[in-house]
Each structure stands twice: as structure tokens, then as C-alpha cells.
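Chains: A, B, C, D, E and F, in written order; residue numbering restarts at 1 for each.
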């Protein structure tokens, strides 16, 4: 049970009004949220400081131009922000933010976390043909009904962690039948309540709509099975991976947009893994041919080893892949098994150490004996 | 023209000629417009696009690079490279109509205190006329 | 399967336990499979999972990770991480349907010359049974 | 460690305080992060001011210091010394120029104050990013390699050799003396004559601190000021190789002569009895001035400036030695008719004019002409020329002596490559600074003297050798360590891609390429800290201490506040 | 190594170079300069040939170094009065005139200039501008500290005892009228004479019609006329207010009389032409010369570039025949070219390059030091030696134009050579 | 990485004609096969279709069976060939005699990378090929069959059909030997202008000549017809480029419009990582150097009312441009890799062209020419300081045949 602030407006308008209130009343000095930027259908995250600018905020628009966790890391990498801000981000972004904070790549001080039960986002490509707005009614319809929309980002259709953990305020979206009439803000923490103090709307107390959420989770899990099955045997195993990654341009865009890949200089972009001419020559001698540049599969498997345990399934990697490789699906799959192995869910808890930083003395008994 | 507009101009000055020229202008009590902030570098060749673009995108209304006259470089040939780097950047700004007039290169020697004041004042005047940099208010940088 | 086939196996050994163990095996004139190339590291904790992956992708038929028994690490806790790293590699390989059998972890103490001979032989036999690593023929890596 | 920045504003009497509202400035900046102290003082550069400052730094336990006063060109050094006295690393200090830049140039007090605040803020923000820099000391070898055993090399060796300094003098021919070996007599500077040269060679050979290598070529030189490694091979003794170390190198490889055949109009090689200056010197040495037919000449033409047009410079020495020849001829063959054909008489030394006047008195003709052609007409030499009045005239003579231009020694390009020295457009070595540093080169510790730098006479060559010696003697002192520039460039290895752009833009040969690592390497011992390499590096793989990107960005950011 | 003191007379480029180097070698230097500023003649030039480098930019870092060098004791307004002893232990008396301004207290703000009621010809500026009895002679002068001209100061010369305008204006208590001339006793082991040169007084050569009123300029006047920190701040304004349009430049003034070529005039005259052409592209310039003396590998190119700019070089039959007269209010050069035709050239500006002479005090100084002069009046150097650095007195060396006319790099080379000799001497090593 | 052993050949006089009964690509592959069999070459680097996929990968091959899937001119450009050659030789030179088959823009990138010391040319014979352009990568991946057809169609007509990428449509440097007298590649394959029955192998350097010699191919066919056709196409494309420059510039120039181009940019930096010229180990704009404190960012937001994240997008694009525009070969790789469909290669191509003109520098057409920013002339660009007072100078001699 938590306190809920209900604003009698459609959910998008309602949250925007709430953000405006926060800024107007100086509760925060800035709002970090999606905002319409420039051209039609261009959305990007922004730090809004001017109340006037709130009108362009689009906090719940189902698109993810970048994982906000990564952006907040770039904002707070040097030091904690000094003045309070509120951020409106999706659960997977919040989880990424937490993961980054754990690794001292970000700082959560002075940040009010607002998130939502997330109905997913569309692939970035759907916002490029000018028809993005036509997708929205269907989206909200599906959200209301706790349904899975097939045109979403593949990883979103298969995401089971759509209820935010650690948010100060949760916007009820998934399965919320009233979202076209009212905006429900669940005040999960004292910080959340503090924010909502004096805000327009009614305060009540209620639980999140468990039933609808459970329904969606079930659907999503089914989708997950389907999605994982889509990368079938043909795509896996050595031969399968070769085909899967055949079109890879080695642009490493997947790594660049990955919120978890926080290294300043990726090992795979360093000289360590650049091959010499003599390497290629010996490949040539042994195999009659060598792919240049080498290391495509090594890069992807290596990256999985580095970060899949912290993968939050945001799907950014697939979305930026110019060669349409289902990177995110593979990472989700690998990530899931790794996370199960270590009983770890990235971003669920700020105090929980990452599996690579800790160990249990008597785990994996018998191994190596 | 905005009467209250006080431009922010960054002036990269080489230590040996232009900074000395600025000092001379100072000791001669020549009046300059208070819009230029000097950033001293050892040689004008230290100034590259990274520094200039950063200044612009962070909101500078004008960027002035001043170094020794060609042939006078304290490090023999630094300013020749500076000139090329400048020419490139200027051309890029021209190609894209990014208000290239906001970027200026001037040679000011250690004896040219007066010239320093003139260059700064003229540039400040020009920039005041052009008005605030569009990047100052651009939210989508 | 060709009879001539001798696998190439790379073993990453910590210097304090496993390498000493391997030495002991040698001193004891125990038979060690000729397919094994040992790379000595100060601690099994230094075994970067990428070493293993790289060895695998580069055509090593088998990769062994060896260190002190849990609790015996010369550096207190390096091998606990090694264990997690091994599990990580194993899990990733499994998910990707890559040959997990080619990656092998064993704890060999300084006194376990016999164990060293034993596990290496066993692993080598297993790899011989599996045949050459298919990456050896794959050019589109 | 937490920072405690001290900010001191100098009132400079009333120079600053009259024009800048120092109190409001201090108020504005004292709340800034890490600012521990913000104070004003009447005149900081005064003895009392310095004492106050030093005591305050200690008392307040400041970690960083910002002084708002006059131009750093004026008193940066002064306050750096105060820092040292107070035990604060002098590079953790930033001098902010609010006198010249603000107080003196902006009459509106409010505007001046505003700008001064910007500057001081920038100084505070910047100083927080300063790293303490330490002077490093390098061992150095006082020995010197002198390349070339001509008069310049000899003089350099003699001026430098001593009990604590060994000289390696490498000469490619089998004897010392260089071109002077071919001269019959010297120009009479201060009564000098060839015996001086002979004496000097003798002194070199007898000097226990000079090791002479004749018939020897320098194969390789590596290293930098104070630490050169040299290998030489003897061309005769089965290419015997020797290696040694030296702290400095003096290049004195002399000059070559323009081949008059390259300008057929002078008839050299075609017309009998047309000889060049060196050939005439040999004649003087033999004491027999005769034509091919064995008879003495009745008339001689001396042709100046052979090859001057082609090479594009005046060789300075030709006028005078041609006069020397003419006087010699007149002395030996009193009835000989001597004519000097010159373009411009170049007599820049104070005694030259007299020497020339005396020649005129001896009846030597001087003919100004810019156009000369030498032809063989009926076995007589005919000098066709355009006179000063523009008329075409001719003169028949028995003998013509050409004065060819001095050109760079043929070894110059090889030497330049070995030492990474630039050449100028005439092909001679280029000076570190043509005006202020005439015998040094861009490579610290490498000097070029004598005609290797350009045409000159013996006294000038010797002065240059002595000058190089003066520079070496006063900088490369036995037992004294070198203190190179502190604010040097530094390669951040992991970011360097090895494109070598920085190599091409560095004038001082500071950067080299490490083939093995595939990256550029800065020799901080000789870096002068201009930062051109930093400006040229697209990936930011080089930083220049004390002028790093973050430090400059800080200043820019505060400028835009 | 023993640390020994060295006296250097003259703080021009040669003296500064020698001082700086000697301190690096561990010596202490007394740098005696008769003026109140350092830099010698070089700082009067706007640009130097052949690279047209800004002279101030080039020299001011050196000047700064000298001023900040703790091992150089700079004695301004000073003259060497007496020298006794021998190499290794010269005893020197230096007379240091009072400047009445404390070098330690003055910060160079210039507040004292304005109130001074006295206006004098500025000799540094060749009389082209005025200066106060307290002032630095030009902007950027180093040290940036004025001196009081005692002869003309109303307070000091007693004409108006009560005048203390400068003292009142100074907020640093830097002015001290009670300061007295003093005589310093120094002990030095070696002496380098770098007293430089003077220029022949053109008034002594009547044919050039030089009278400081018409637009006939000496080379040094022109140097200051176009200097950015000069009297007109670099603006080319002639004495009659016009800008130069037709310019005659006359070389070798006094060469015949002096009996030597001054080595640098051809080049600096060409420099003037380059400069004039740059400032006034339409200007018509003629250079009147006898023989062009342009030795040096880069010099001829400089001349040829001038030719490309359509600067006319006229070889005159006899340089002494050139005269300047004023006809119908305008200047005219009369000359004979190679064809021995009499020609005239009307010009609105004439620049004359006078011969370089030994510094005014050379003779006195030579006597003081026990040195002899050569027949041209420059310091004579040791006979039967190939380089003109050492003098007949052991431990005393000459560098730069004190030895004869020469350009900057040659002066610097001599200074460096002299340093070498001093260092060797201090180590007991005597060459030859 | 010393200068090449190339000796300048003034202008290739003639070429060897190869019959192409089974299509031009087969004919070319036939030559390569023979070259490998006769050991005229030890190996060839060429795009090869990955079996059971529609993707091309660069392969250095000596096994001739791999040639069966090779395509000297695939419909798409996957990884820029110049970059690939750099990957191959950056850390040491190849000591086998190999050939690399590259498109003209790839060849030019290789030459630029050579100048940047990122590539060795020793033992490498560069074979360039007339190029009609490439199909946009995304279109190809979506509909490979259709794309292949339209590419065949383009190969027939040679006039820069709409099917190819925008920068390809306006590329007039599609055939190397006609650009310059200095060698970029060693051997050029002439396609356009010939009947479909034959292919021209045009030797440009002694290395190229040697290959033909080893293959017993005589360079005795006239190039006239081919040259005429090249000129024709060049004219059409140049005109199209001119119009494009004009129209496109109007759309993107000025601070507002320029920043708007990148409104959609998500800072994935794919454009930079696939760019052959962006050779830096780590891009300056990915380094920590430009990172500021949160306070600074906050301040920037406050000054503007809002601040877009990711940060410094425009700085990245402008900065990258200032680093590589002089060497930009307009290959279009950046745009292919952009997940947001930003017309990035068009912008860079436009700016590249204009800056290159200012320096009179055409990237990648002459291996001997020094890089513009590693060199200078004492007298140049006087207009940068005093625009009114002097004639604009061009720093280099004209090198490109126009």
C-alpha cells in the first residue's frame, strides 16, 4: 500500500503538470525527462530548468533515444549534482542508473527518481518515417489492457521487469484502465511524498494494480520464450554465430550505447586486440583465408562475458545496429542465464554488489575437484 | 541590435607576442571593451579546433586567436600551423554558414599594443553588431 | 577421425599451486600429455576470461584454468573470482551453444603432481575424443 | 587531499584598487569551492608584500595560490619564488592579470570589476586543476663531438678541450686543416698568416684532451643534449668502428665550390687558361704563375660572382680574395695588367675598404658588370661584358681566374638527416634562430659553425666556433646537471595511434616514433613546451603540462560565465 | 669551479647575450649600461631583416630574462670610470648616476609622467617626440621604470625647487630626490666590452640637406617613425603631416669619409622599402646605392623580393655626388647613374643611411681600460689572431659593434665567443 | 612505412582487355583465380559472401574455392575497404605478395591512411575498380534480392541511379586513373564504357604492370571508348553534385538548420567508428577530456532553459569534421551505419569538398603528397587574417584533373 497522488488528467498531461509544479514550486531545480527536440518525432532526453520548457516535455513517449541511465552517468560522473532534480525514466533505465552508481560511474545524490510501470518503447526506426504519432493510440490502448504490442522493441515485448524498483514515484501505466482520465502517481518513498506535497490532485492510498501487472508479466514471459526461440539453433553454435554476425560492421555501436559498457576505452578498441599482419598471414596459411578485420565473434562473446550479467535488456544495442543483428536478444538470453546463475538482478538494489565484485566461499562446490 | 548585449569573447593569446602586446596596451592605458577574456597559451599553435569549437558550443559569442606574425614565432613555425588549423576551421564554418565572422585570427606583435586594442575593440564591436551567438540559447547541442 | 590428430590445449596455471604441482609431476616423471602448453600466471585470478575466449576463438582445442584450491589462494581470494569467471564463461558458452566441454577448470595444489597428471590426461583424452575445434576451419570469425 | 586555495588581490598602490572594486570582488569569490582565504594587499611584489605572502601561505597551510595582480610577465617569477620559499610547489600557483587586462584598459569600474571577477574565478578554477611539477635533473656528459677538421672544427676543439672535457674531432680526409690546406696565403686580417693555422693544427695534435680521428666518417648519432651516442668508422682501417658518448655536437663540415661548368658562359673547362680560385691558390703555393704554355701571363682577368645568380646569394669572401690575387699578381709580375670584373663589391669588414683602395692604387682595374661571357677567340681569352654604362665591351687577357660561389658541402644532406637538422632553401644548415641564436640549431646540443651555415671568411668562422664553444662551456658544465623545461608535452600512450603528425609539426625534433610500440615518444629533456603537437593531435593523446585541455577549458568556461 | 665576477659594459643584444650565458656558466655579472633602459639599438627597430621579425617580440623575452636573473646586477645610468689590476683581479670603479626613482619601489604605472611640467626632446625617439623629465622613453621599455633627467628637472636643477609634481603623483614612494650619484667599487676577473655603435651625425654631411625639419630622415629616425611603439604609433606621418608617396633612400652616407662600409645599411634600407611598400602599396621608392653589400645566404633573396615589388635600385656612379635639395618646396635627389647622366628624383620623403661609428665614449673607455683603438676608431683587437674578440689586455674582450659594424647575429656570435673566452680564462685555460 | 616504390606513370596509355562472356564479375574473378594459381599473387583481399547469408565480409584469401563466393563489386559497402586494409597492415607489413580489390573511395581512404601511417603498402598491389555506387545498407539488408537486381541495373546504366546511396549518386570520383596522373592504385579495372563483353585491366604503376606481365596479359587495348564514357558520366554526376551542393547547403546551413540535422542523433558514434579516416585509437570526443562537472552542465541547462542529452552532440560532429574533413573521401560509410538515418555523409561530403578546395587538396589521389595539416607554406592564407587586403592563396598546386 502506498500513498497515491491522483491528477485528473490523462496520464501524459498529468505527469507533465506534476513536473511543471515541481519546477514552479522550486521543489527541484531541473527536470530530466524526454522532450520533443526539433523536428517532428525527434525526442531526446533533456534537463529542463525553465518552466516554460515543460510544455515540450514528453515523459512517457514510448521511445528510448538513449538509455537514460547512461545519460545520467555522463551528467554526474565528475561529481554529484548540487541542486535537486527529478528524473522521469523507465525501469530498465533506472536499473542501468543503479548499476552505474554501484560502479561509481554515476551519482544518485539529489535526484528524485520517477518511473512508471512500463509498457515498452518502439524501435527507434519507427520514429523515422513520420508516422510515429499514428502508433501512439494503439500503444496506449495496449498499455491499458496489459497487452503486448508486437511492434515494440523486441526486448520490450519480452521484458518481465517492467515495474520499477527503487523509484520514489511510480506512474501507473500498465493495465491502468483510467490512464486516459487520470494520472496515478504512487509515492513509494518519503522522498516521493515530499515531492508530492502540495501538488495539485487528490491523495489516496492504494496498491499498484497487481492483477494486471501479473497478466502482462505472463504474456511477456511467453513472448520471451518466443523471442529466444527466434534465435534458434541456426543462429547459435559456432556456425550459427558466424551467420548471425556475418553482417557485423565492427562499428561497436552496440557497445557505445550500452549503459553498462562504461569503460573509457573499451578493451576491444584498444591496441590489445588489434591483430598484426603476421597473424593474418598465419590464418591465411592455416585456413586458406581470413576475415579482415578479425575478432567479430570474439568481440561479441567477450562483451557478453564482461557485461551480460548486468544487462538490463533495454534493447538499445539492437536498435543502433546498422546491420540489424539481434544483439539485444542474444544478450538477454545470455544475461538471463548468467543472472540466474548468480541470483542477481541488475539494478534491483543499490547495495547488492555486482557478481564480479564478490563471491560466496562455498558456492559451486565440487567444481574443479 | 540589443543595446544590453554584452558579448562573451574568448581570446587565445600566445605568450610571447600577443600577450606581450596586450600588456603593452595595458601599460599604455588604452581603452578596450570589457568583453574579451584572455586565455594565455604558450603558442598560437596550441589552439586547435577542439578548443575553439568547445568555446563556441559552450556559448562564446566570438573567439579571437592572436599570435606572433608569420615568421616571428618564438617557436619558429608554430603560427604557420596555427594558420592552417584556423583556415580549416574557418572554412568549415563558412561551408555551413555557422557565422564564420565570429572567429578571427589576428597577428599581434609585442610592440603592437595599439593594434591589440584596435583588434579587440573592432572585434568586440563586430560581435556586438552580429548579436548573441545562436549557440548560447540552443538547447539541442 | 584422423589418428594423427594431437590436440592443442592451453593451460593457464597459477604459479604457487598448480604450476608447482605441474613441476612436481615432471620431477616425479609422470606422463603429461604432449598436447598441453602451459602459461604461467602469478594467480589464477589473473586469468582474464578473455584469455580463455581468445584462446578458444584462435583455435585452441581445449583451454584449462588451474589454480589453488578454494581457500588456499596465495593472494587470499583470487581463485574465488576465478571460479566465478569460469562459471561466467561456461554459462555464456552454454547459452550460445558453444562447446563448453573444451573449457576446463581444475584446482591443483603444489603437492598434487599426480592430480595434475591425471586431470591433464583426462582432459586431453576428452578433447582428442571431441576432435579438432571447428574454429580451426572457420574463416568468418 | 582537500584543497585550500588562497586568493590574494594586489591593490598595486591604487593602480588596481582605483579601477576595480576589490572588496566586492573578494566577496564574490570567497564563497567559491575550495577557496580558503581571499584577501587584498597593498603591493604584493614589495619586500613586505612578499614576506606577508610567504608567511600567510605557511600560516594558512594553503595548497594552491591565486594572485590577482599585474601581468605574469611582470611578476610570475617573483611569486613563484615566494611559493618556493613558503614550501608550496610553484606550479600550484596561478597569476591572474587584472592590472593590464582590466584595471588599465577598462575605464568603467563596474565593467572592469566584472571582468576581473571572471578572471579571478577562472584562476581559482584553473589552479584547482594544477599538478605540482618538479624540476628534473639530468646527468650530462661534458664531452663534445666536433665533426670536420677544418679551421672551424679546429678552433671549436681548441676552445672546448680541457681536463674535464674531452673532444672527439672527426675528419673525413686524412689531414686536419680543411680548405686552408689549399690556400697559399690568408687575407691579412690583423696580420694573420697561414702559420697561425699550422700552429693550431699542431696544438690540436698535441692536446691530450682532443682525440683526432682522421679518414673517419660519422655513422650514427643518437640522443639529445648531454647524452649523445656516437659511432664512427675509420674508412681506411678496414672500416674499424668506434663508439663513444658526448654531450654536444659541433658540426663544422665546411663548404663546397660551385662548379663553373654549370654556367657555360664562363668558359671553364672549354677555354684554356680559365682557372678557378683554388687552382690559382695552388699556383701561388708553387710560386709559378704561368699559363698552359709555360709563360707568365701578361694580362689577367679576375671574375667575381661566378654562380651567384644561380645560387641566389653572395658568397661574401670572393671580392676580397680576388683583390688578394690581384695584389699578389701585381707584386709578382709588376707589369701584368689585372682587371677585376665584379657585380657589387662586398667589403663589409672595417678594414676591407683600405685593402681595396690600396689595390686600386697599384693600378688594378675594377670593372663593374652584371653580364660576362668568356670566349676563346684565336687562342686568346676574350672577356665580353656589359659595362656599367650599359655598353657592350670586350677585353682580351691571357688568363682568367673565376671566383665560384661557395655551396653547401656534399655531406650536408646526410648530416642533416642523421641529426634531424633542417636545411634552409640555399641548402645550408638552418640556424635555431637566424638572429638571436646564430650557431645553435633546433636540436638542442647540436651546433653548426663556419661555412656549413653559409659562406663566410675565416675570422667569422672562427668567431662562430668560439661562439659555439661559449654556449657549450656555459651550459654543459662538467658535474652540473641539466634542468630541462618543466612544462613539457607528454604522450598518453594508450591513446596514441601513431600517425606521427606531431613529429612533423615539432620544430625541435623532440618527438620520435617508437616502431615497437607504434606510438610517438616525447623526449621531455629537450621539449620547449610550445604545445604545437598538442594542437595537432586529433585524439588528444598528447598533453602539455600546465596547459592541459581541462585547464584551458576551465578558463574558457569561466570566460563564458 | 670558482665563481667569478665579470663586468659587461653595454646592455645591447651582445651585452645581454653575454650576461645571460655567463650566469648560466655560474658567474656573477655586473652589467653596466649608460642609459636607463636595456636592449641597446635593437629595441628601436620595429622589424629586423631578412625575416621581418618583430624586434620587440624577439628581444623582450631576453630583456625579461636579464631583469629577472638574480646573478646579473644591472647598473643603469652607469659608466666605467677606472680600471686597475690585471686579468683575474680587475678593480673597477663605476659611476652610477642617480635616477631618483627606486627600481625596487616603482611598479611602472606611469602616474608620474603626466604631472611633470617639463617637456624635452626624446632622444631615444631621435627627437621625433617629446618626453617629460621623468618618463620611460618609449612604451614597452624595460625595465619599465623611469629616470629623472636631473639636468632638466626643475626641482633638481633648482629652477623651481618647490616642484615635486612627480613625487606627489607617485603612490609607491618610489621617487627620491635625495638620491646621489655614487661610485661603486667592483672586483671582476674579466671584462667584456659591448658598447655598440653610434650613427654619423648627418648634419655633418651638408649634401643631404638634413635639418630635422624637412622630410629628410636618418635611418634611425625612420626606424622610430614606423615603430608601433614609436612616436606616431606606427603611423607613417611625415614632418609636414603628409604620408610618404615618393621616397628616396640613400645608402652609404659618410662611407667615403669614414673609409669603410657599414655592412648593414644595404639590408636595412631594403627593409625600409619592403616596409614602405607594405604600408603604402602605391608608393614609388628608389634606392640610391653604390655597391650593394648583401652577404649572407638569405640576404640576396630579400633584395630580389624588393625588386619584385617594383622598388627601384639605382647604382650611382659615385655616392658622394648624391645630393638632396629643396626645390619649389619639394625635395629632390640629384644623382648620377651608371650612364653618368645627371638625374633628379622628386620625393616627398628621403631616408639617409649614415655610416655606423664607434660609440661616443669609445675613446674614453679605451683609455680607461688601457685598450687601443684601430684607425677607424673602433676597439682594436689582438693582432695576429684570426678572431677579433681578445684585446691586447688579457681578460678584456670586445663583442658586437664596438669592434666594428656588423649585424645582430654576428654581434651575438661575438658575445658568445667572448663568453667562451671568459669561461676558459676563469678555468685557467688560455687559448693559444 | 616508407614511401612507396611506385614510379610515376604519366597516364596509362592502354589496358588489357579481358573477355567477359559470363559477365564482368566472373571475368574479373577468373583473372584473380589465374593470378593465385600461377602465384602471380599469393593472396587477394576481396569481399566474400558469407555462406548461407546475404552478407559480405572482407576476406584475405588464397584458397581459390573461396573466390567462388567473392564479389569484386558487391552491391553494398560493408566495412570500408581502406579501413580493412589498415586493419590488415597497421601493425606490420605483409610479407606476401597480395592484392586488395577496392572501390575508388576505398582506395583513396587507403592512401589517406597510408599518409597517416596507419597502413603499409609494401607487397600490396592495390586494384581499384570503376564503381557505380552502392545500395544503402539498410535497404539491402531489408530486401537483398530486390537490391541485387537494382544494383545490376545500376551497373548497366552507370549514371548514378536513385537506387544507390545519395553520396554515390553525386560521386564524380568513381574512376581513379582519370582523376590524377599520380598513382593511387596500382591496377585499375575499367568497367564503365566497355561492352558487357569485356573488362579492361589498366596498369597504373610498375607493380600493376608486373601483375599483367605475370598473367601474360598484354596491355594493348585502347582506352579511348572507356575514357569517353567516363567523361560523360563524370559530367552528369558533377552537374548533379553541383545542384546537390546548392540545394542541400540551403537545407542544412546556418546554426539553426545545422544543429537541427542532428536533432535525432543519439551519440552512438557509429559514424565515427566506421569512418575510414577516423583512425584515432580513441576518439577525442569519447575521451574524458571534454567531460565537465555536473554543475557546469546544470549551468548550461539553466542558461538555455533546457539542455539536451546526450551531451555535446554538435561538438562531436563539428569536431570530428574539423579533424577529418580534409581527408573525407565521401564514401558514405557513416550514413550507412547511422541508426537514425541522419544525412551525415552528405553533410560531411559537402563540407569536405569545400575545405579540400580551400587547401587545394584532394584526399587519396596521390601517395606522395603530404597531409595538409602536417605541412605549411610560409606564404599562404593571408586572407584568413586580412580578408580585404590580399588575394586568397591556394596552398598546393592543382593536382586533380578536372
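By our rule, a residue touches a chain if its C-beta (ideal position, glycine included) is under 8 Å from a C-beta of that chain, and two chains touch if they have at least 3 such contacts.
Predicted, not measured: the structure shown is a model, and the values here were computed from it.
Student: From chain B, how many touching-chain steps at minimum until you land on chain C?
Tutor: Minimum step count, chain B to chain C: 2.
Student: Determine which of the two chain pairs, B-E or D-E, is joined by the larger number of C-beta pairs in contact.
Tutor: Pair with more contacting C-beta pairs, B-E versus D-E: D-E.
Student: Provide the C-alpha centroid distance between chain A and chain F, rounded to the nearest whole angstrom.
Tutor: 37
Student: Between chain A and chain D, what distance separates the C-alpha centroids? Give it in angstrom.
Tutor: Using C-alpha averages as centres, the distance is 63 Å.
Student: Provide the C-alpha centroid distance between chain B and chain D, rounded to the nearest whole angstrom.
Tutor: About 32 Å separates the centre of chain B from that of chain D.
Student: Could you check chain A for residues that touch two or more other chains and list them?
Tutor: As it turns out, chain A has residues touching two or more other chains at 37-38, 44, 46, 53, 242, 246, 265, 270-271, 283, 287-291.
Student: When you check chain E against every other chain, which residues touch at least two of them?
Tutor: 51, 53, 58
Student: On chain F, where are the residues touching two or more other chains?
Tutor: If we look for residues of chain F contacting two or more partner chains, we find 50, 57, 59, 61, 66, 90-91, 259-260, 263, 281-282, 284, 287, 290, 292, 304-308, 311, 323, 373, 375.
Student: Applying that definition of touch, give me each pair of chains that meets it.
Tutor: By the stated definition, chains touch in these pairs: A-B, A-C, A-D, A-F, B-D, B-E, B-F, C-F, D-E, D-F.
Student: If we count contacts the way the header does, which residues on chain D are in touch with chain E in the complex?
Tutor: 12-15, 43, 45-47, 70, 73, 77, 151, 155, 158-159, 162, 189-192, 196, 199, 203, 308, 312-316, 342, 344-354, 357, 368, 388-390, 424-426, 428, 431, 434-439, 453-456, 458-460, 462-464, 466-475, 477, 480
Student: Looking at the complex, which residues from chain D come into contact with chain F?
Tutor: 494-501, 504-505, 518, 536, 538-541, 549-550, 553, 557, 561
Student: So in the complex, which bits of chain F are touching chain C?
Tutor: Those in contact with chain C are residues 50, 57, 59, 61, 66.
Student: Under the touch definition given earlier, write down the residues of chain D that touch chain B in their complex.
Tutor: 71-74, 97, 99-102, 104-108, 111-112, 114-115, 118-119, 122, 432-433, 442, 487, 505, 507-508, 528-532, 534-536, 540, 544, 547, 549, 552-553, 555-560
Student: Taking the complex as given, what residues does chain A use to touch chain D?
Tutor: Checking each residue of chain A against chain D gives 265, 270-271.
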